[in-house]
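The next block holds one structure in the form of structure tokens; read it before the comments.
Naming follows writing order (A, B, C, D and E), and every chain is counted from residue 1.
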């Protein structure tokens, strides 16, 4: 995610980093070059070009705007829903951890240390879950982070599972059921903590849904194709009316359409590592900070953006 | 569902498989041929054609874009809601199964094997539910898959029911109530598992809603008709202004409008077997893998896409 | 609701039944006739008509498309929400009934027949609720259906109530409270069944909201008026540019705008008996089938569409 | 709210009451008069007017349509959410009351009259809440209605509170807690009734949110200004192309834009007393009817629309 | 937030305070000046300007309107969701406080004063939470407000925490768990209060999500750039057709586009202190008033708008 102080209105016009411009620039320049060629051909009289008015292109352009707007909307919704799921992750992890400490770590019990250890184990597993989820969604290996917070023999069970975050939640359920059987958690209290685990499962499955089910492929192709063909036709439609202004306007339109198309691509998959994707590592670190503070353990530093980009 | 590495921007222009192009190509070519005929007639002077400006058509075209955009939006929402329901299915099946094992399969009980068997029965029924739901929505027969996971006499009851996934949920409720009566589940724990069964019923009914209530038929007809009539008029509106460019532009507009119309048709019924429909078999297989891993049973292989299409 | 196999792309162009065409045809023909008159007057030179370009009309036409699109969207949302509420009805009725049987109809109890009779009474009342709700929303009298499933003296109490579905839910609450007092339902189990009754009350009130609160009247008038005035002006704007093509295009535009306006009217009130309205009778019948199967009673046949229309 | 049988398509064109026309008529006539002046000036040759084509205005007009459409959408969502909150109010009041009667008014108890009186007190307080909420949102004084249903000393506490509906809910909580302490409500049953009170608090706060947080003021100003300036420029843009048709078209466009602007104003604040606002008094009366029927008390008459307007 | 009586339709045209005009005026005037320059150059014949028709610009303008409309929509949704979260805050704080008093402050208990003190402590912590959240989101220091309501040693723990509102919720959980251990709260009652704390955690995390995750930076840049470039090109497109009307229309269009762009910026971050941002201080004060009234303590005055702006 790009984190930077909002530049002033003027500076915003010339900013490069974090924008979509570098990636669409070759295509935009290509359209500008084509425009120059068309205008030169037309004015030199080498060729009689068939298109003579921008009106028919307008029709296609407006239809394309509406459809690109739709795709953009759908992709933004995916991105924002992904962020909401990670927000829900923080809610549940923090609430779970506060409750676990308050309910288990009781000074009045005869063997308080057992409750305290159980609470610590649950919360460390929560931290591991945050790291494991981030890695699961990005296709990385969180072996190291998981190992820091989960002891053997659980560690092996989790690391050999086909779905590590899911395996961590299974361990949660087993431990909560054991605490209930031992009488450390009453039924109601067990129900309250189990509801948190269920919500974490909801976050996991929702993230997997966004990660592994892209927008229907045919959309992407249909809109991508129309946008490119439209921009290729553009110079022919504008050349006679605009003359040497054609490259300027064609490049601007191409920049807007290609830019939105590319940005939608980026937002469609919000868990990647492109500049506008979600900062999963920073969010997992935030969870670790919050949970370690709740445990009274030393907190790591929050991640800082590098070149305005939060990883 | 089409699963393929995103082709590069250029290659995306020429991809065929998984796109809507093959299905609309005849219509697009028809419009192009009509355009050629109109331009030839016009330029040969055989006929005085009445339409002389693209502006009036623009008006209809923009209105049509807005309405097609709306239908497209509604159909995409159905498709995405369907995917969300299958996401919820995975949430509930996994959460149910984790809890069932943790709560029933207790080594401390005097007759642990009874609890373990009950848990196994519940989870196998969950796997059967996933397969039965996929078959129910696609109009297939999941007799074989259900038989693998459900024993007699329950198997006969389920297979003769008019609604097999619903019958499986009824068996769930009966078994949970029996476990509660036998004292194996406390009231609160029964309530937690029963909430999962209720959520599965919610998934079943929501999928049935999407499957058996299409968009109002009049929409489909109204927009389909307007799109075709519009594209048929298009050559008459463009021929004078564009000359031999008419077939190119008319074909592009027809491709965009017919493509979106056809894609909306496909997304409207997300449980079918068209390339852009949801991969119900693969999702049911995922559920089986997750649940079998939780039971410690050997996991089947995940389904792989064939020709980029996940079934 | 119209239920028919999707006709092919070509046949779709000429289908009449279930479409909006028959109802807007007179208006569309009126616009076409006006167009002919205008073109004839113009070409015969009888009259100097003031409008000379379609551009100003375009502006109004696009604004109108956007606003009609909005109203259409709002009406479709009402229709789809109504369908969702009936989906929720099926969820709750089925879940309630499965639980009631599983929990009350216990072979181990000393007087099992009492529990079985209570479960049967609850489920029969659920069937009556489905029929009563359908009749309540359509302004019909479901006296007969209610009487089939509810015995005296409850029957009289329900039939004399000002809100029969609401009265049935009140009877549910009274019976559940009695079962709890008698010790047949533990507190938790009572809570689970009472949650179903609460959800049914939610369905009832949501359906009443959609049924008795139409879109603000001023919308309907504003958009209806603008659409008609626009179509009346259309021939004047197109005649000079299009000549004898004017009636064709004006009729097409009128068909699109009037059709969408009328379709929105129909969807705005989804509980009526127009062809595109929801099939309440068929849905209530589905509920009856599901619930009778759960009870082991003979199931009635599902309702079949007549002339493609499901009642 | 305007309640009237839908007039026929033709009559709808000339209806006045309940429409937005009376309120925008002066402005529309003003635009028409300006148009006449412009056309007369132009044709008389007194003045050389600068605008010569409607195309540049089209651009502004379409942008304006999109933005007005957005504001309209947001305002309609507020209106519909407000209606949903009042629907939720009815759900909760009816469910609460049914449960209170079923659970408290038990013939088996030794002192049944105490339970019956408690139930009656709770339900009367619910009726008072509906009236108090309507008055709170409209800035009226519901002293009389509250006094009918709440006895001293509670009445004084409620009437002197800064937030009367909130004070009624506080009394609910206190009474439920007392009933629980007295053993008349088990913990679970208390929890079920307390969930209703919580939901009522949700309705109260949501209504306050809609009532006291209007759309950002800058929106209203920005769009209002642009709409007026646009309509003032319109005659200059249309006069040359349309001649004496200008006043007709300018008035139509002004009617559409001003009408939508004004209607959005009305829907933005759905709790007012404008014709298209929600019928809070009628809804509160409905609640009173439902709750009194549940108590077996005589029901008042439902409110009827006066001049098609339900108060 | 701007709170003012809605000015009349005419006065609305000239209002300045609280509108976006002052901030975009320099840019609008710049566009007007550029327009004058272009028109003068053109008419004086000094220069042959290339653009000759507004049609190609229209295409870009409409696409831009659609995309700006999308961004505006997304930003408004953030603003309104933020307001909903603060509405949820009020719901939960009031419901929590009512329940805490009703359940803990019981005259029947042997040592009622203990329960009363616990209730008072919980509610004071709730007030502190509202102030701490407002300060947390605005980057202010609420040390003073927190100190007024939270005693030592808790005060130090909260003030040294990295996330003060979160620390207050942790104290809530600890206190509730202690009250449950002491037998002052039954399990069910504890569960009801703990659900409130969980909801408060949800509000905190949702507000943090809105506060710390802006819209993808590339959007802002892409649309901002296109809007500015478009307005810079505008005079060239309009000058020939409009002559000296160009500055008027160009300024109007620039005002609309820049205004919407700037307003979106402001709504994107709803917790700031710009005029259209949410009145966090006033909302926190409202919470304090409600909760102090519930406690029977003297209520502070509500905050009043200064120059129509509620802080």
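Quick note on the criterion: a contact is a pair of C-beta atoms (placed from the backbone, for glycine too) under 8 Å apart; a residue touches a chain by one contact, two chains touch by 3 or more.
Note that the coordinates shown come from a computational prediction; the quantities given were computed from them, not determined experimentally.
Between chain D and chain E, two chains of identical sequence, the interface residue sets overlap only in part, with shared numbers making up under half of the total.
Averaging C-alpha coordinates per chain places the centre of chain A 23 Å away from that of chain E.
Rounded to a whole number, the gap between the C-alpha centres of chain A and chain C is 38 angstrom. Of all residues in chain D, those that touch two or more other chains are 53, 55, 57-58, 62, 64, 66, 69, 187-188, 191. Tracing the ring of inter-chain contacts outward from chain C, first into chain D, gives the chain sequence C, D, E, A, B.
For chain A in complex with chain E, the residues that touch the partner chain are 1-2, 4, 6, 9, 12-13, 15, 18-21, 53-55, 57-58, 61-62, 64-66, 69, 72-73, 76, 79-80, 83-84, 87-88, 90-91, 94-95, 98-99, 101-103, 106, 108, 186-189, 191-192, 237-238, 241-245, 248-249, 252-253, 255-257, 259-260, 263, 266-267, 275-276, 278, 289-290, 293-294, 299. Remark: chain D residues 27, 50-53, 55-60, 62-64, 66-67, 69-70, 74, 161-163, 166, 169-170, 173-174, 176-178, 181, 187-188, 190-191, 194, 197-198, 201-202, 205-206, 208-209, 213, 216-222, 224-226, 228-230, 233, 236, 265 touch chain E in the complex.
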